[in-house]
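Right after this note come the structures.
Here subunit A shows up in two complexes: once beside subunit B, once beside subunit C.
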Partner chain A sequence: MESTLQIQEQLLEFVCRNYMVERDDVIPDESLVDQGIIDSFGLVEISGYIQKEFGIVVVDSEMNRANFGSIVKISNFVEKKRNS
Partner chain B sequence: MKKRCTHCILSEHFPGVSYDSEGVCSFCRDKSFLQTEENAIQKAQEQVDELLKTVKAQSNTYDAVMLYSGGKDSTYTLYQAVKKYGLKVLSFTLDNGYIPNQTFDNIVKITDKLGVDNLIFRPSKENMKAIVKASALYPIYNKRTMVRISSVCNSCISMVNTQALRIALEKNISIILAGFTLGQIPVNSIIYKNNYTFLEESRAKSNSLLRKYTGEWLDTYYNLPTSLVKNTVEWPTMVNLLCLEKLSEEEIVAAISTLGWTAPKNVDGCSSNCQLNTFNNVIHEKVYGYNPYELELSHMIRKGLIDRETAISKVETMDPELFKSIADDLQISEDEIGNAGSLYKTGK
Partner chain C sequence: MCGIAGIFSKEGGVAAEWKVQIQKMIAPLTHRGPDGWGIYCTDTITLGHARLSIIDLSGGAQPFITEDYVLSFNGEIYNYIELKDECIKKGAVFRTHSDTEVLLKTIEIFGVDGIKKFNGQYAFLLWNKKDKKLVTGRDRFGERPLYILELNNTVYFASEMKAFDTIPGFCREYDASNLLEHGLLWNTLQDQTVWKNIRSVEPGTFELFDYNQRTHKIVRYYSLGETLFSQKQPETFSDAQERLKLLLSESVRIRLRSDVPVGVYISGGIDSSVIAAITASIQHERFKTFSVTFSDQQYDESTYQNEMVALLSSQHASLSIDYDRVRDNYFEAVYHTERPLFRTAPVPLFLLSDLVRESTIKVVLTGEASDEILFGYDSFKELKLIKFWQKQPASVLRPLLIRKLYPHLGHYAESNQYGLMKTYYEDFLGMCDNEFASAAIRIANNGIIAHSLNKESGVSLNRERLLDRMRKMLPENYSHFSDLQKNQFTEMRTLLSGYLLSSQGDRMTMSHGVEGRYPFLDHTLIEEVFAWPDNYKLRGFEQKYALRKAYTGMIPDSIIQRPKLPYQAPDVKSFVRSEGVCTQAGEFLSERMIKEYGVFDSRFIERFMKKFSQGIKEQYGYRDNMLFAFILSAQMALYWAKNPKTVRLKDELKVVDISE
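Right, the complex of A and B next:
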């Protein structure tokens, strides 16, 4: 299984490929929305991506800024879900 | 003449586009794209089938609320929802004040024919004009959102989405149907949970900008009452049924014509339901340098659903009279329009 860092790396790659941004343009511990990288569709896409890619199920109550607020937060969330 | 991809119609100012020596764009060169999309559509179809089965078994008054603009795509989607999927649908129409009479006739005819209830919500003309004007003249939205849609269109659709979600929650309806096609929305968004609290964050900035340029009253249209949000345990699911089909415009029009749908005259080639469309596209082109329909039409070309020539004529035929009549109606001057472009570019 991937480590948190590997998950982060994978997410970063997904974001760069999908939203046409360079790696250096993404600040991992800041909100992707606030950085202007994604909009509401982006949030939907990322939540779909992590469910498919990492085999986790995300329920409504988990869809919040604490879990999806940044690349770092999303990676931690994926890690936590897989260990639970 | 604008430089465009020799295969699709993406023009040189489209974000992230580059051309090879034969003039083919980076999007057309990505051969894996269509296969990835095909897989995603198949998966979405399974999810949709499962969801519909569950919802139909609940035997509620309505299985779904449908965003019904009266245009060709949403008419076909409504037809499909009722006839192919057997859903009990409450159709919902936002009357933004710029819907052609013919489109209204279509709404009445089609909903009657399909035996579907229809709700109409019409914001006051004054408020609607303020929203349209602010959306056209100020940089309200994220640049990334604007690759798929014009700013004014996005303001209308956000309002429709919010109001439909409100109806769904108040009436205990589990599904919200919309008639978007792939190219208008990303493939992962064929079916998704409309989780207001989750998505609210991404709309907060644009909402506050739109409020700043219109008024506090804006929240009536773009926010849900706190009590409604607090009491929600499960959010409705958004479903875009049309994304599951592979149909050309002619096939769609042929199918809905048998129900009595007639194309309105006073709109441009990209829209069959809104007179603002030409105005929105011209502004978008002035501000960003490309037409907001390029992405969708290029996607249709790659899937073999439209030929390149027809697509080009759709984005390049803009009636200046139609543009002027809307600009006059909104009391927008040429100076203001010129200024809009520079406001966007400086990101103010």
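Right, the complex of A and C next:
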């Protein structure tokens, strides 16, 4: 099972590929919306990606800023879900 | 409607050289005015004009020359009959029946402030021969274009920037910073354009060039909401509806003034339906209507169009649009827009104006600007929701309204995505705490454009810089505007003038010599409605509330009650098939052309193109559509700047040739 850092790497790779940005363009602990990298549909795509890639199910109450506010937060959330 | 051009220098010039140059500049504008052309040449100023004859077909040749003045004018002064009477009372004598002469005499009699008397759409160059002063004026909302290029102590003016491509030694190049600003806001702010050294006469301003004094001055003569405090409020909502009907009918009435027949565009939405219904109530003869239909049902509104046509018994013609027609005509549409687009939606209108012209109609009424003045855009709903939520950020119930924002977008309507949409909008609770709340969302949605540009250009998304530039355009009474009125101001300065009236309006109709007229853009109507309480316009989330109520019973209920569907055409779908991106778009987006033009980051584009190498994913969003349309059109617009078309004037159409 991947560590948080590995999850973060995978997520970064997905974001760079899907939103065409360079690694250096992405600040991992800032909102991807604020950085101009994703829009509302991007959140839906990322949610779909982590569910498929990491085999987790995200329920409505978990779709919030604490879990989706940045790459770091999403990675932590994925790890927490996998350990639960 | 016409194309105008001019050359002026405080140092003076060589009339014979300017005479050659002005003809070169007018030639690529003749699609705007195919009925005749004329020039006026001196060594101080030279003016040119390509004419589309609409009022006083025989007497309106231009440049229009009197003893003291020379005028090159593009547009219409709708209240020219009333103004003519006013001028006659002041002793003016007229030799034609044209609004051109009325424009000239009004300024001659009342001074340049006489421009405030005009109700119309216009851009003009007026030369005072005696005082050697040039006035360049533009209408209040930017319906008609006028650009300025200063080069080697000479000032060039033109309705379209392609006229500048004929100047020896000049080639249009993007200004990277302005290109990004355009990408974020769908328009460049103030007088800037996406091109280096080319600026625009701002809507609602005129400029004075004084040859003797060697001075240049810019004067703003109109700003939205300037009569906010002096407007009389309707006593009841019912009174407001009556006023709206009265003002709109008057606006349509004067916009039907023409010596050629006027047609009406019908989209299937409430705005154009109302305009068509009013037209029918004023003009008792059968008139022509036009519409666009789509083979893709997602965009098609023909059911509603047909209902309206049946009600009007109009002589109707429609144009069917499929993916191939969008794909095959995007390049040519971009030739006319001269700036990057964000959607392919202008293309059907480009093709429609061809159909209109073929059916011998030169003038059409359309429903633009109702969404701005009556809060019809979803941005008004977004802003209302965020402001409501900001007051109680912990509220569970308030953000539930997000579900009602974009019912036509699946991820908003689906309850299992609600949390994500809430997360998205939560980001704006902080960002929207300034005077440009709604712009924050648009900037965020388009922010990816900053990442797409060539890193070597050195530009990046800088919200504070952008907001500072926006602050400079605000009127003194802006702090008294409500949040929704502020949003209207921003929408009208950016999306309306930069995109809807230009790329989707003026350029698409004029590409085939058709003049669009916009009854919702009557400034007397706009100023009065602007001052009304917000909830007359946006009641809860019900958009254009006063309009819906006022015209219930006059147009079909199905149109009154239907949810707003933004006018769109298929974007990515038009260019991408199962085998990948189509040939022409693929060439413009190829590594070779991306690197050759140097506007975009080649690695970004490579990754973006990979998304479409095997067709289109089942799900894709606004951003992919917008990016594709933007990048492709930016490349195409630059192609046209580097490879201007050669257009020649027809000698037999020359109507004025004066040298002094």
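Going forward, the second predicted complex is superposed on the first by the 84 of 84 C-alpha atoms of A that agree within 3 Å, B and C clash if a C-alpha of one lies under 4 Å from a C-alpha of the other, contacts with A are read in each partner's own complex, and residues count from 1 in each chain.
Assume contacts are C-beta pairs under 8 Å (C-beta built on N, C-alpha and C of every residue); 3 or more make two chains touch, one makes a residue touch a chain.
Predicted model only: the values in this text are computed from it and were never measured.
Colleague: Which partner does A:Y49 reach: the first (subunit B), the second (subunit C), both, or neither?
Modeller: First partner only.
Colleague: First (subunit B), second (subunit C), both or neither: which does A:D25 touch?
Modeller: second
Colleague: For the three-chain arrangement built by superposition, which of subunit B and subunit C touches the greater number of subunit A residues?
Modeller: C
Colleague: Where does A:R17 make contact in the superposed view: on subunit B (first), on subunit C (second), on both, or on neither?
Modeller: In the superposed model, A:R17 contacts subunit C only, not subunit B.
Colleague: Please identify the positions on subunit A that touch both subunit B and subunit C, taking each partner from its own complex.
Modeller: 19-20, 31, 33-34, 36-45, 47, 60, 63-65, 68
Colleague: Can you list the subunit A residues touching subunit B in their complex?
Modeller: Per the stated touch rule, the residues are 19-20, 31, 33-34, 36-45, 47-49, 60, 63-65, 68.
Colleague: In their shared complex, at which residues does subunit A touch subunit C?
Modeller: So the residues of subunit A touching subunit C come out as 16-22, 25, 31, 33-45, 47, 60-65, 68-69.
Colleague: Can you name the residues of subunit B that touch subunit A in the complex?
Modeller: Residues 15-16, 141-145, 185-186, 188-189, 192-193, 195, 197-199, 201-203, 205, 233-235.
Colleague: Can you tell me which positions in subunit C touch subunit A when the two form their complex?
Modeller: 411-412, 415-424, 426-427, 431, 443-452, 461, 603-605, 607-608, 610-611, 619, 621-623
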